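For reference, the structure discussed in these notes is given below.
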Amino acid sequence: MSKPLEGVYAALTTPFAGDEIAADKLRDNVQKYNRTDLAGYLVLGSTGESVSLTDGESLQLVEAVVAAAAPEKKILVGTARESTKGTIDFTNSLAGRGIAAALVRPPSYFKSKMTREALKTHYLAVAEASKLPVLIYNMPQNTGISLEPQLIIDLAPHPNIVGLKESSGSLAFLGEVVREVPDRFHYFLGSGHVIYPGLEMGACGAILAVANAAPEMSAEIFRLFKAGKKDEARRLQLDLVPLNKALMEVYGIAGLKYAQDLRGYYGGPARLPLLPVGDQAKRDIAALLKKMGL
Amino acid sequence: MSKPLEGVYAALTTPFAGDEIAADKLRDNVQKYNRTDLAGYLVLGSTGESVSLTDGESLQLVEAVVAAAAPEKKILVGTARESTKGTIDFTNSLAGRGIAAALVRPPSYFKSKMTREALKTHYLAVAEASKLPVLIYNMPQNTGISLEPQLIIDLAPHPNIVGLKESSGSLAFLGEVVREVPDRFHYFLGSGHVIYPGLEMGACGAILAVANAAPEMSAEIFRLFKAGKKDEARRLQLDLVPLNKALMEVYGIAGLKYAQDLRGYYGGPARLPLLPVGDQAKRDIAALLKKMGL
Amino acid sequence: MSKPLEGVYAALTTPFAGDEIAADKLRDNVQKYNRTDLAGYLVLGSTGESVSLTDGESLQLVEAVVAAAAPEKKILVGTARESTKGTIDFTNSLAGRGIAAALVRPPSYFKSKMTREALKTHYLAVAEASKLPVLIYNMPQNTGISLEPQLIIDLAPHPNIVGLKESSGSLAFLGEVVREVPDRFHYFLGSGHVIYPGLEMGACGAILAVANAAPEMSAEIFRLFKAGKKDEARRLQLDLVPLNKALMEVYGIAGLKYAQDLRGYYGGPARLPLLPVGDQAKRDIAALLKKMGL
Amino acid sequence: MSKPLEGVYAALTTPFAGDEIAADKLRDNVQKYNRTDLAGYLVLGSTGESVSLTDGESLQLVEAVVAAAAPEKKILVGTARESTKGTIDFTNSLAGRGIAAALVRPPSYFKSKMTREALKTHYLAVAEASKLPVLIYNMPQNTGISLEPQLIIDLAPHPNIVGLKESSGSLAFLGEVVREVPDRFHYFLGSGHVIYPGLEMGACGAILAVANAAPEMSAEIFRLFKAGKKDEARRLQLDLVPLNKALMEVYGIAGLKYAQDLRGYYGGPARLPLLPVGDQAKRDIAALLKKMGL
């Protein structure tokens, strides 16, 4: 039983040239990714350094991706702000552009007050008012907020909530959620380490930073899984782990962008406060890509 | 040896009426606070729900306070954004308005990459480019980032860095920093639990949320300390603890605003995702204020 | 390729009668478990409240299990103490009793000093001196120490280190470790939420608290996986999640023991500081077991 | 109003010679400390590596200190075990030796179950059964358990609970507790960074690891405070901070022991898993002591 948004998405990086965004480079990247089996793109995710962008820059980037994406590619956009009102306003400013869903991470500044009740109130208000379908986003590494499986189960019946991106990578979380939500609910994996076992347990796809540097491999794991070639899927998954580890945990966005540069996309610099990668990191990343035949 | 910015500041709440900010109510509050011994005001701090405001709303609030503050009151503004560029741009958009200093909390979304080096690079870039003097802001409860004492010591010599607001309330932190920074450096306490012992150990003032509800008491602890009346200062400090605990930890900003309402200021609702306080909380807060004779 | 210790083990609870251990009740339990497809037993694990036992009590419990276990059942024992010397001494006091391996959690009291180097030194010293084969134990929930995948990879080549029990339940951890260790290395899952996907990705078994209450189901997931009946294994895995959640996370050891009582084993009380479960918890657990047909 | 146990105590290190404890060296150290103004000694504290000792070793060390301490020196002993029963049994095994109080850290292995109710039940059971007066011990750095101020307030009325050692160093904690407990309650500081401000706010003494290396300075801060020489007390407090930082946070127990060696006491090695300090650390510690004139 396939779902409308299923598949593997790249959580796109944001190209910068000097101090400014480089929307044309993003367009070029997307045109190259159009040739892969990726299901689509997430614009303005964590990997897109969305927290470092103004609303104006954000809008330009969305428009660039909308313009460049092949017709069959679905577009997701990260639209969270710290307030409920700000989240709704920004989300709705993007309506009418063919965006498949808005990905909404939880407010996180007032951590100690983000009780299950506060988060439920927030997400229901957003879902109610949003002109775009809503994907919940669990990203404890960056937000310091761990959504509870029960919160997801409580929110899932809302007709405008279409799924979850779960980036902690916990399959225990998946195990608690996956049978308690409606069939139409999309469970997206947000960690490149567990794509295959997550699909095996009931996820319908993944939204991945590593797919900026390795889009073919990321999409291929999904294809093999759907084709029932589980042993091959597992092997490819394990092949992907060292690259995902290096780019996501060790070197981060600046390292991922360097890997994009090496692979013929535009990576370029990250925006401060993210520091550039050093020479040793560059050598490590180059060696790793070479070893993987990329 | 007194310092130019020393004393106790209120970290002002932001009044809302329905969905919108109510700058006129902020003006009224400030005119009432003008009659107290507060040294001045912090606009757009954590307590001001700054993360829940647009740039346009932020500017209106700053202008309201600038217009309403008595001439001897100093004005501080929270100006941090997640990117270095965004922080500099917003800070400099406020130049030329008589603001005494910009309070800058660290970027915190990319937690795992906010190494000492990244934070140092960020703060030095901000200090270098900022048209306002800079106060560093340590607020681990909200940011999930604990600045290290050594980072403060490393940054303190920069001529445009004039001090620190330290909201973890750790006097161990103060003890490590206070003799290693230039004499001109302002060490502000950010916790209403430790004003007196912090002053005793070398802090020059405090920037406090609780001062919205109890401005006289907050300022009086400073006055008594300066007058050498240490026993009275300590007693008043201990009197303040239960109120500070209730408003800061237990009930948070929505509770603080309710206490303002009871004390004749405009508190009003917080903006979602912060939930309103319930009836029991209201009774507790009212009882506490009554017991304290406020 | 099957491994000598592979399969599913019960991490046995420790029966108490009043203030004292009840070794006879443990013997009875083991005799019942002997009739299941469990591969064997872990004595003195976290679930066995080993930290609440004296050395003398510990030894009695080991002897009871050795005496009661069917010949084909393998016996593992938790033998960690906070010091390297204490760990070695206690481990070696159990030699010569037919124990298959010692499970060794890391020292954790001096958390800030448990660097990768300190942990490596500790485990190598234990492995070197131990008369029993050693299983490393990652249990961050209880120890506050997260072993790094790289530490496991560094330790795995030692001839007396035969594997790992990984209780955080992270398949990302598994993904980083499983191809970097020798073929003979046993990777045991320690979370009942992820048995099937963990086996799918290369684990060779599991050591589970929930197997005290549901030994047949726990062992059956392994059997189905080995028989290539993956859909059935996945379904049974998802069936197990709510029970595992209730007994491991919500109610803990006291709840697990109550479930044992209901299922015809001896559970009995936990030792203080673990509180008994309340009446509502008992009803919940009974209802859950009934719903599962247990 | 002075309290019977008030003053500054050294939290004694445990001397080892090779693999064994060296009780004679502990006796020598205590005889030297007898000549200082320390109020007494804590045996088997965190600094004493108590978690790395057997019960037999622990008893020998207590007996050595009891034999060596000058008559006016009070003796405290750390007696916690993970179970309530184990704590009571070990505490009572020390009765009748002239020990002033037992210091009891909370059980911490089953972290997620150590609710306020579980901790209250544990401490009340220990207080009820203990033949020694009980001091509660808050040590979140090592235990991963933060006792709440309200728990202390709830426990303080018990007639066999005589006080608290609070090692997080939070004066906010002190501010919440100090006026809500009976006058007879001893509030001991456990952090060498905040002795003076803590005394100023109502603590009656301190139990300090750094007092192994700098007993005179530690005791002198207390003496100056009691004599009303507050400026001198503050200066000495700030002088102590860099040494306390180096020995407690940076280098830990192995570093503290090296500092003892340099100052004419027996420090010697720590027991594994604590690693020895390296050559650079030794040079740093020596330079720091020299700079302080010790």
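Think of it as A, B, C and D in the order they're written, each chain with its own count starting at 1.
The rule we apply is simple: contacts are C-beta pairs under 8 Å (C-beta built on N, C-alpha and C of every residue); 3 or more make two chains touch, one makes a residue touch a chain.
Bear in mind that the values here come from a model prediction, so they are computed numbers and not experimental data.
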| item | value |
| --- | --- |
| Contact clusters after notional removal of chain C | one piece |
| Chains contacting each of chain C and chain D, listed by label | none |
| Greatest separation from chain B - chain, by CA centre | C |
| Separation of chain A from chain B, taking each centre as the mean of its C-alpha atoms, in whole Å | 35 |
| Centre distance in Å when chain B and chain C are each reduced to the mean of their C-alpha atoms | 49 |
| Chain C, residues touching no fewer than two other chains | none |
| Category of the chain touch graph - line, ring, star, complete, other | ring |
| Touching pairs - complete list by chain label | A-B, A-C, B-D, C-D |
| Complex contact set, residues of chain A against chain C | 169-172, 175-176, 178-179, 191, 193-194, 196-198, 200-202, 230, 234, 237-238, 241-242, 245 |
| Chain D to chain C touching residues, read off their complex | 19, 46, 49, 51-54, 81-86, 107, 109-115, 117-119, 121-122, 125, 141-144, 249, 252-253, 271-275 |
